[in-house]
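Heads up, the next two complexes both have chain A, just with different partners, chain B and then chain C.
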Partner chain A sequence: MQHAVEIQSLTRVFRPKKKKEGKVVTALDSVDLRIDRGELFGVLGPNGAGKTTILKILSTLLLPTSGKAYVAGFDVAKDLLEVRKRINMVSGGEISGYGLLTVRENLWMFSQFYGLKSKEAHRRIDVLLDKFGLRDKDKEKVRTLSTGQRQKMNVIRGFVTNPEIIFLDEPTLGLDVNAARTVREFVVDWIREDRNRTVLLTTHYMMEADELCDRIAIIDDGKILACDTPDNLKKLVGMNSTLTLSVGGLNDISDFDSIPGIGNFSSTMDAGGNATTLRFILEDESSVSDIVSTVLGKGSKILSLQKTEPTLEDVFIKLVGRGLE
Partner chain B sequence: MSEGPLKSNLRAIRGRAYPRLIGSTREPSWFFFDVVLPLFTIAGYAYVYRFLEADAEFIGYVVLGGAMTAFWLNILWSMASQLYWEKEIGNLSLYLMAPTSRMAILAGMAVGGLVETTIQAAATVVVGVIAFDVIFSLGSPVTLIIVFAVTMIALYGMGMMFASLYLLLGREAYHLSSLMMEPIYFATGFYFPVRCLGFWAAAGASIIPVTLGLDAMRQLIFPAGADDAFLSVNTEIAVLCVLCVVFMVLARYALRYMEYLGKTTGRLTLRWQ
Partner chain C sequence: MAVINDLRLLKNSAWLGWQMEANWTDPFLFATYSIVKPIAGTLILVFMYLVITGGETANDFFSYMYVGNALYMFVAEVLFGVTWVIHDDREHYMTLKHVYMAPMNFYIYIFGRSAIKIAITSFGVLVTLVFGVLALGVGINLGAVDWLLLAPSLVVGLLCICILGLAMGGVSFLTAKHSIGINEGLAGVFYVMSGVVFPITILPSWAQTISMFLPVTYWMEVVRRAVVPEAMDGLAASSGYDVTGMGGMSDLTLMALLLVSAGVFFIMSIGVFRVADNIARKKGKVDWTTAY
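Moving on, here comes the complex of A and B:
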């Protein structure tokens, strides 16, 4: 099957207008990437890593210095119109549109650049306004909207043309928790509705990438350092998950050592002697049910249970040698 | 998606024209700023001509010229500077990414600006005519419409060309706009017959379509206008037609060059560039 996005040895160099004015910046350095249709693919990296440059090239706004990039099988440097018909892009912190137009008018205006019939455009706008809870704002001028409402409108602008492939460049940047959640939930629902749709999301929010993405590429200094599913990336760290239980009425801890899939095990009694804290290093995640069964089988009561996993931040630190922020 | 490129581009023109068309209704203050304030300049010239006991049609020239300045200001501040402004607010990359002709986007800006400014100019003419008792004697309305149409196509073609050039100039473009106000008011003969400047100066000023457009309109609207004419109406229409083609072609090339340069340097869509 044709890839939604294919990038081959993509390099992008920015040169200053005059040699004395600055240094040459290599924003992308021989990047290779393949994204399948139906994937929600994340590019995770710090500011200046090259995330936005990838999106600008894929959305035909920037030419590569060398290498090739294809969107839906079309060359982004040559088949501009074919690429543009199939894509849209939304950026975080975007202030596009015109403040004196209403939300609906702005959305309609942008839909016209994609050749949508007005009736169809308004139908789609209605559906999306409902999904984002902005229906009551559709006649409000854009300049009266809050940051979160405006960003929701921007997201609607990107989706109203029903693109095959959408590029989301830090779409939840600066949004409050609720607005960010609305955007994330919508993106997941949108891609599930039709497996031919593809989302390429750039973000520097670890949690967002972990929660949303089927696969993630970690990028730094214009290079892809790793690309895999979030779970597989976490395995790169070489850290195991930890299970911590607080158990009441436990007198015998002899059987826990023999449960398969446990790398290490420790127990401590709390100061009052009423509860025991058990800490397991899990080599195999499926051992959780055995541990719970064993505790309950001893007639003990589980007071609390917490599983701690390595995060994408751990992965990033291991790969780059520093944190993301 | 679209039925064909023509319909798709017409939708893009309509879409981009819309903010300008609706803008006047959302900001009623335009009547004060764009109609009332220019009347002071018109009144100034009108009283000078009255004081000098000039022929009555000179006051008509001033009213007509005063109305036409609205189009020149619209070209400078709402056409030429527009793409630069669109870049600043983030719309430009959305326009460039859309599957439509960039010329359609510019044409939408032009159509919206033209309609909006025509309403302003018409209001200026009406108020000016009432205030200064200007008497029109229109012999050939069809020719007048043709002159107005070719003047506007050439003028807005020039504005479309400027839009890309201003974008390349960046922030300096605003100085260029300021530079092109008073000198152009003078050279194009907004308030006096351009023939007064002499043939070669008037010929040079004819690169600005308003020069010939105004001269032809004066001849058509005021009976004595032919005596003050620079060239015959037919010649001026012919030259304006050539300017229409030249500016449209140059606008297309300037736009392509701007887009190419933007894609190679990143100057148009990356703010740090």
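Moving on, here comes the complex of A and C:
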């Protein structure tokens, strides 16, 4: 099956106009990537890692210095029209728009650039305005919108053309919590509606990448350091999950260290002597049910239970040697 | 199907251009502005002429100059208007990258956006000419106007100016606000070298040679012959020599030269745009916002 996106040894170098004005920046360094149709693929990395450069090249805005990139099988450097028919892009923090037009007129105008019939365009605009809570703004001039409302309008602009492949460049950047959640939920619903759709999302929000993406590529200094599912990436760290229970009425802590799949076990009694905190390092995730059964079998009550897993941040720190922010 | 889509794009882009050009104020103020601006611009030259000639306007040269100056509005405004589309989308609305990556014919979009500029300028030229006839005695006789010569020459000339604007638009990809200066410079070259307000025979011979390569030179001559044929004949008769340098050419020859020179500029302009477009993609300047 043809990949939605295929990148081969992609390199992009930015040279300053004059030597004294700055140094040569290698934004992308021999990047290889394959994204399947139907995937919600994330590129995670700090600012300046090369995320946006990848999207600019894939969306035909920028030529690579060397290497190849294909979108839906078409060369982004040569088959511009074929690539453009299949894509759209939304950038976070974006306030673009024709300020003298209304929200609806703006969205309609961009739909016309993609050759949509007016009636169909208005139908889609209605649906999306409702989803993003902008219906009451559709007759307002864009220049009167708040920054967040403009961003939402731009998200709608990206989806109104129903692209095969959409590039989302930090789409929730600058949005409030609710608006960001709306965008994330919409993206997940959108890709589930049609498995032929593909999303390439760049973000530096770990939680967003973890929550949304089927696979994630971690990028730093223009190089892909790792690429896999979030779960597999976390396994790279070599850290196990931790299960912490607060238990009441527990007098006997024998048997716990003999439960299969437990790497380590410790217990502490709280200051009042009413509860015991049990901490298990899990080598096998399926041992959780055995632990719970054993606690309950001793006639004890579970007061609280928390399972902690390694995060993408742990993965990033392990791969890059520093945090993301 | 592709043609229908392109026509729809042209129509919709023209609508967008109209919103950008006319929607910034109320209709009355816009109409007033559209009338006052071209007349005020023309009066600057008229007053200079009156000072030099001691108030004499009832002669063929005044008509020659006045019509040329009115026509020049097309050169300046349309050339600027086409280039401004790219500058405006990039710097003011920040929409250029989305427009650029849309699967449409970018040329048609630009021409659609500029179409309204041509319409507004056409209105301005018409207002200027009517004002000239009614207030200043410019020798336009509607019965003598050669409409069959005027219509095709206007179409070819305006297309040529639009294409030149496209080349400047390409340059606009690569520059910040400088393209506007380059644009004004190019328009200035046409003003001096194309016989807009004085015949090219006044220029030194090397400059006259350059003039003969410029389509605007032939366009000015053809349109003047169509709009003020009596004044052109009178000017030739009173001066006793080939004052425009093109008096010996038939209308057909002039049209042919206009077509050929416009064709050469067409090819050059498309070439300039494509090269500039490619450089912009190489250097990452398509979605560049300079904040100028």
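The rule is short, and it goes like this: the second predicted complex is superposed on the first by the 325 of 325 C-alpha atoms of A that agree within 3 Å, B and C clash if a C-alpha of one lies under 4 Å from a C-alpha of the other, contacts with A are read in each partner's own complex, and residues count from 1 in each chain.
Keep this in mind: a contact is a pair of C-beta atoms (placed from the backbone, for glycine too) under 8 Å apart; a residue touches a chain by one contact, two chains touch by 3 or more.
Everything numeric here is computed off the predicted structure, so don't read it as measured data.
Following the overlay on chain A, a clash is recorded for the pair chain B and chain C.
Using the contact criterion defined above for the overlaid structures, shared-chain residue A:172 touches neither chain B nor chain C, since it reaches no partner.
Counting the residues of chain A that each partner touches, chain B and chain C differ, and the larger count belongs to B.
Contacts of A:202 after superposition: neither chain B nor chain C is touched. Using the contact criterion defined above for the overlaid structures, shared-chain residue A:85 touches chain B and also reaches chain C. In the superposed model, A:61 lies in contact with both chain B and chain C. When the two structures are aligned on the shared chain, A:116 is found in touch with chain B, with no touch to chain C.
In the superposed model, A:241 lies in contact with neither chain B nor chain C.
Within the superposed arrangement, the part of chain C that overlaps chain B, taken from 204-212, 240-248 or 276-284, is 276-284. Shared contact residues of chain A, touching chain B in one structure and chain C in the other: 14, 56, 59-63, 81, 84-85, 87, 89, 94-98, 100-101, 105, 109-110, 112-115, 157. The touching residues of chain A, when paired with chain B in their complex, are 14-15, 17, 52-53, 56, 59-63, 81, 84-85, 87-89, 91, 94-98, 100-101, 105, 108-117, 141, 157. Per the touch definition, chain C reaches chain A in the complex via residues 5, 8-9, 12, 16, 19-20, 23-24, 93-95, 97-104, 109, 278, 281-282, 284, 286-287. On the chain B side of its complex with chain A, the touching residues are 1-3, 7-8, 11-12, 14-16, 18-19, 22-23, 26-27, 89-91, 93-100, 105, 262-266, 268-270, 273. Residues 14, 56, 59-63, 81, 84-85, 87, 89, 94-101, 105, 109-110, 112-115, 157 of chain A are the ones touching chain C in the complex.
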